[in-house]
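Next come two complexes built around chain A: one with chain B, the other with chain C.
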Partner chain A sequence: MPIDLSSPSGAVLALLPELLLSLWALVVLLYVAWRHRDGYDMRTAGALSLLGYIFAVAATGWLAWRGAHAEGLSIMIALDGFRFASDALLLWIAGAVTILSVRWLIRQGILAPEYYPLLMLATVGMMLLAGSADLITLFLGLEVMSISVYILAGFDRTRRASAEAALKYFLIGAFASGFLLYGIALTYGATGQFNFELIGAQFAATPPTLMAKLGMGLILIGFAFKVAAVPFHAWAPDVYEGAPTPITAFMATGVKAAAFFALARVLAEVFPAMVALWRPVLFGLAIVTMLVGNLTALSQTSMKRMLAYSSIAHAGYLMLALWAHSDEGTAAVLVYLLAYSITTVAAFGILASIERAGARTVLLTDLEGLFAVRPFASMGLSICMLSLLGFPGTFGFIGKWLLLSAALHQGQAVLPIVAMVGSAISIGYYLPVVLAMTLKPTRTRQAHQTIRFPRPARIAVAICIFAIMLFGVWPNVVLNFASQKVVQLRQAELPTGPR
Partner chain B sequence: MAAFLASIGYAHWVIHVLLALPILAMPVILFAPVKSARYIAFGVALTELVVGIGLWWAFDPTRGGMQFVTDITWVEGFGIGYRVGIDGLSVLMVLLSVIMLPLVVWSSWRGIDQKQRGFYALIMALNTGMLGVFVATDLFLFYMFWELLLIPMYFMIGIWGSSNRLYAATKFVIYTFVGSFMMLVAIIWMVAVVGRATGAYSFAYANLLEHADLLKPWGGWLFTAFALAFAVKVPLFPFHTWLPDAHTEAPTAGSVDLAVILLKMGTYGFLRFAIPFFPQFALSKTVGTVMATLAVIGIIYAALVAMVQPDLKRLIAYSSVSHLGFVMLGIWGSTVESVQGAIMVMVSHGLSTGALFFMVGMLYERRHTRKISDYGGLARVTPLLATAFVITAFSSIGLPGLNGFVGEFLVLIGSFGRYPWLVGIAATVVVFSAGYMLWSTQRVFFNRLTNPLNEGIGDLNLRELAVIVPLIAAMIWIGLYPGPLLRRTAGAAQQYVEMVQSALPKAALPDPGAPR
Partner chain C sequence: MLLGPSLALSAVLFVLGVAGVLIRRNAIVVFMCVELMLNAVNLSFVALARLHGVSGQIMVFFVMTVAAAEAAVGLAIILAIFRHTQSVDLANINLLKG
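Entry: the complex of A and B
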């Protein structure tokens, strides 16, 4: 279905998932302005917002099914399989986080149903970010996402850590936005264009000027902040630890995924001509990120902090796929982010159930002996840890294998080796979690008696765990989907790839 | 027998049944009543044995290459398949695994008194993993089985192990995982290189082996990655420190599985993957000398360390390191005799060390100590156990007439042409191994019965006899008449040696056609 993006009706059609979700966010906002007293209202708002995600998924699916593509130039928003795939992934994450939040918020005494519209708006921002075909849309999406998430990070406003997280995230985020905006301005200055395709074409035709190179560098830095790549990662542990746990899951998966989708698109469509310039940058970033993330995670005692550092390390792994700059790389980004997000959402879902109302975050020692009391929860968390570790038989392994393949097929062996060194280090902090839960005895008789695992969250987590195992041994569906031509980014020809 | 097996289509389903049965039994065991867990496990184990033992007849030693082959596409478009097969290198290992399974289950009958369901379920998972490693002919599948094995072993040591179990379990997993992570990069790298050159991406072992020439430029790196994984598992001398801990802390079943099967996965990996893929590098003068030297250091050093161990299990663990050194020496001797000898050592070490661990487990169940100094004079109260132990100890030392001798002798004569000095040094280990085995036997079973606690120890009961007697019978049989075993490995060893030698420049090796 060709869509003319220059006509208003075409634009509406192309933006249908985002528009539906925004409209529904407003509906939910109206509802919560009127009903915001008790747990019942919280639950209703949550259920309503789930409906919004379903609408958006349906709209995305419809566009994908009709084979929507831009007639002529992609103005402002991309219309390709990659956008639909990434939208589906982001919507899935948002829906899962909503399900995890419903009872958790009530239990923690956070009775403010504005949470859900904010989550929806953040999702709209993520979708715009991932689907942008224009530097302005890119920035717009980024800001819509970021501002919503700043608020969400501080949503548990009576807790100091949460407020601290919000402030830190806001300050660093504003800083990152500044970098990105400066980069956009310089790129615009160098080319006079905002549209990805047009800029890409111009760079391909004429060698990029210093201004363009600076612009690219600044844009990369902006993204590096958002995906928490070392050395732009310092905000992540504090923010992840302070934010409400479902929001931590959201930031670790959704925000990171959206930023990676956008970065993949920008690198593939805007700066393919400068591949020789940005590959070394990614190379360095990836190595430092993998090593620092994994090594720092080793010494963490708080589970959320540990997962924060591990998510930094995973950002490093993902850069292998971006470095590859190939169809395999795009497929790897999709599969890895799916595997990572399923695993991380499930892990945070289990951790959220272990958290006691108003208590400090879950420490590693709090998990001791969990298996005896909660065998299924602890088995689930063990499987999550193995999947994050990239253990064969789990989905995480399939993702990691694709990442390594993507880089190795481009003749790059150093990054995969460093990634595997990183994995080897990571066993040092994933294994103790399994060890504490299954092999150590409980500290006290009362341990783990306060765990509340509400049914919706339990079902969502169970589905995630099942998916981790299923796709771990039967990845055909996912792999075939991700390696279709239609979901790939438009990869410009490599000038001289080091084969 | 072969005709009967052919009439039931044995070759078509045997591997699948062997792999699937234990894993399917897992949930049954987990959700069955606690009391029946061990019976189900034993039933499954016996079925595995009955099914698997047919390989002895169905396997055709005169045919080279893989038999019982299955090749089913698993992940289309990525060249991953469920590819399995058995050849002369693996057939004895598979047989050893299925023979050990009922014995392992049976030996745990009394010793495991808590969390039985989990224990037997893990034994089942472990068995699928072990068999999978030996039958996989797809590198993706192989890597999966290889790593998946860690989980049951980890929990087996960590839950049912003795006092220092957490440390041992963690050490085991970290060593093995860290050792093998580079193997994944190497596997993907090989597939990428071969795939780019031939246009077909495939993880099939046969395909990669056929195009092994393409890998020559990176042979050193790739071999190192594989060798690291396998050397940790063997364990070769500087990588062996996880083994005494894991062996000592594991429950009897875990120790036996570790010694009998898991260690052989390392040497099997060298024979199957690391050397055939990169013979030019692996068998070059430098690498060969380094590996053989490490093997010999392991043989001597471990024997010396074993001599001073106060803990019976630790002593046997170090003796394993020493025996596996012989396997490594035989592999790098790369003559038909030495390779056959290596396989024979793998089998006979499995039998004798397995039996030793079983017997130490039986002693432990009676006295709850593994310290040699706590025992003494047991021959008076447990004559059967003492007899069995002495026979096994002799087999472990390598006394002619018992199984240990056959393999070690073949390794020594087979490797002499290539490493005369090293073989000369390695041969002296007979003195040391006699030293630690006989000395410890003397301190446990002979001397005076001074400790009154030892007076009440009962002799072997029927169940325990049923575990030990088959092993002892096998030891004597192999020692007196190794022909059937050698016949089954001869073809594969011959083929292997021809394959790796043809890849080498002439004169790199002495003539393999020494009189046999």
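Entry: the complex of A and C
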């Protein structure tokens, strides 16, 4: 179904998932303006917002099923399989985080149902960011997402840690947006265009000027802040620890995934002609991110901080797929982010249930002897740790294997070796979690009696764990889906010759 | 055309903003420096729009809108912090150790 994006009706059709979700967010906002007193209102708002995600998934699925593609130039928003796949992933994350939040918020005494509309608006921003075909949409999507997430990070404002997390995230996030925006300005200055295709064509025709190179560098810095790549990662552990736990899960998966989707698109469509310039940058960033992320995670005692450093390391692994700059790399980005987000959401879901009301985090020592009291929760968390580690038989292994082979097929051996070393280091912090739960005795008789694992969250986590196991041993469905031609980004021909 | 001097001024302002964010320790001043960065970029857009047409000027409106939204949220967050610490000095914001 060709859609003419220059006509208003075409634009509405192309933006249907985002529009439906924004409209529904306003409806929910209107509802909570009247009903915001007790736990019942919180639950209703959560259920209503889930409906919004279902609408948006249906609209995305409909567009994908009709084979929507742009007639002529894609103006402002992309219409390709990659956008639909990334939208589906982001909506899935938002829905799962909503389910995990419902009872958790009530238990923590956060009775402010504005949480759900904000989560929906953040998702709209993520979808616009991941699907942008124009630097203006890219910037607006990024800001809609970021501003909503700043508020969500500080949502538990009566706790000092949450307010501090919000302030740090806000200042660093706004700082990073400044870099990205300056990069956009210089790219615009060099080409006179905002559209990805037109800029890409211009760079392919004429050798890039100094202005264009600076613009690309600044855009890369802006994205490096957003995905928390070393050396732009210092904010991540603090923010992840201070934010409410479901929001930490949202930031670690949704925000990171959206930024990676957008970065993949920008590198493939805007700067393919400058591949010789950005590949060394990604190479260096990937190596330090993998090593620093994994090494720093070793010394953490707080689970949320440990997972924050582990998410930094995973950003490093993902850069391998971007470095590859091939169809295989695009498929690897999709599969790895799916595996990573399923696992991380499940892990944070279990941690949220273990967390005591009012506590900032879960310490590694809090998990001791969990297996004896809560065998299923502890088994689930063990499976998550193994999947993050990339243990064979879990979905994480499939994702990592795709990443490594994507880089290897482009004639790169150093990055995969560093990634293997990084994974080997990560055994040092994932395995102690499993050992603490199974081998160590419980500290006191009252230990683990405060765990509350409400049924909706339990079902969501169980589905995630099941998916990790299923796709770990039977990955064909996911692999076949991701290797289709329709979900790939347009890749420009690489300059031939020795690399 | 004042393209060269405008771009140079914009770069200087941007660097001043970056330096301010990195050096100053008061949350509100840091926030003002971030706004300085955004407005420095706006100057670039306006200058470049003389060269490339109106789309650069349209971008400026978007940036101004975003900056206003950021100011609303940012000041609210700074207020929330002030209620806890009675200060907006970043040196006092040390509960979470980096």
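Going forward, the second predicted complex is superposed on the first by the 494 of 499 C-alpha atoms of A that agree within 3 Å, B and C clash if a C-alpha of one lies under 4 Å from a C-alpha of the other, contacts with A are read in each partner's own complex, and residues count from 1 in each chain.
One rule holds for everything that comes next: a contact is a pair of C-beta atoms (placed from the backbone, for glycine too) under 8 Å apart; a residue touches a chain by one contact, two chains touch by 3 or more.
Everything numeric here is computed off the predicted structure, so don't read it as measured data.
Chemist: On the A-aligned overlay, A:A33 touches which partner chain: chain B = first, chain C = second, or both, or neither?
Modeler: It touches nothing on chain B or chain C.
Chemist: Does chain B (first) or chain C (second) touch A:V486, or do both, or does neither?
Modeler: A:V486 sits against neither chain B nor chain C.
Chemist: According to the stated criteria, A:Y150 is in contact with first (chain B), second (chain C), both, or neither; which is it?
Modeler: After superposition on chain A, A:Y150 lies in contact with chain C alone.
Chemist: In the superposed arrangement, which partner chain does A:F175 touch: chain B (first), chain C (second), both, or neither?
Modeler: The second partner, chain C, only.
Chemist: With both structures superposed, pick whichever of chain B and chain C touches the larger number of chain A residues.
Modeler: C
Chemist: Mind working out whether A:A165 is in touch with chain B, chain C, both or neither, as first, second, both or neither?
Modeler: second
Chemist: Given the touch rule stated above, what does A:P237 touch, chain B (first), chain C (second), both, or neither?
Modeler: Only chain C; A:P237 stays clear of chain B.
Chemist: Is A:V477 touching anything from chain B or chain C once the two structures are fitted on A? First, second, both or neither.
Modeler: A:V477 contacts neither chain B nor chain C.
Chemist: Where on chain A do the contacts from chain B and from chain C line up?
Modeler: Correct list for chain A: none, the interfaces share no residue.
Chemist: Across the complex, what residues on chain A touch chain B?
Modeler: Per the touch definition, chain A meets chain B at residues 386, 391-393, 397, 401, 404-405, 408-409, 413, 416-417, 420-421, 423-424, 427-428, 431, 435, 438-440, 475-476, 479-480, 483.
Chemist: State the interface residues of chain B toward chain A in the complex, per the touch definition above.
Modeler: 74-78, 143-144, 146-148, 151, 155, 158-159, 165-166, 169-170, 173-174, 177-178, 181-182, 184-185, 188-189, 191-192, 196, 221
Chemist: Quick one: which bits of chain C touch chain A in the complex? Just the residue numbers, please.
Modeler: Result: residues 7, 14, 17-18, 21, 27, 30-31, 34, 37-38, 40-41, 44-45, 48, 51-53, 55-56, 58-59, 62-63, 66, 69-70, 73-74, 76-78, 80-81, 83-85, 93, 95-98 of chain C touch chain A.
Chemist: What does chain A use to touch chain C in their complex?
Modeler: 136, 139-140, 143, 147, 150-151, 154, 157, 160-161, 163-168, 170-171, 174-175, 177-178, 181-182, 184-186, 188-189, 192-194, 234-235, 237-238, 241-242
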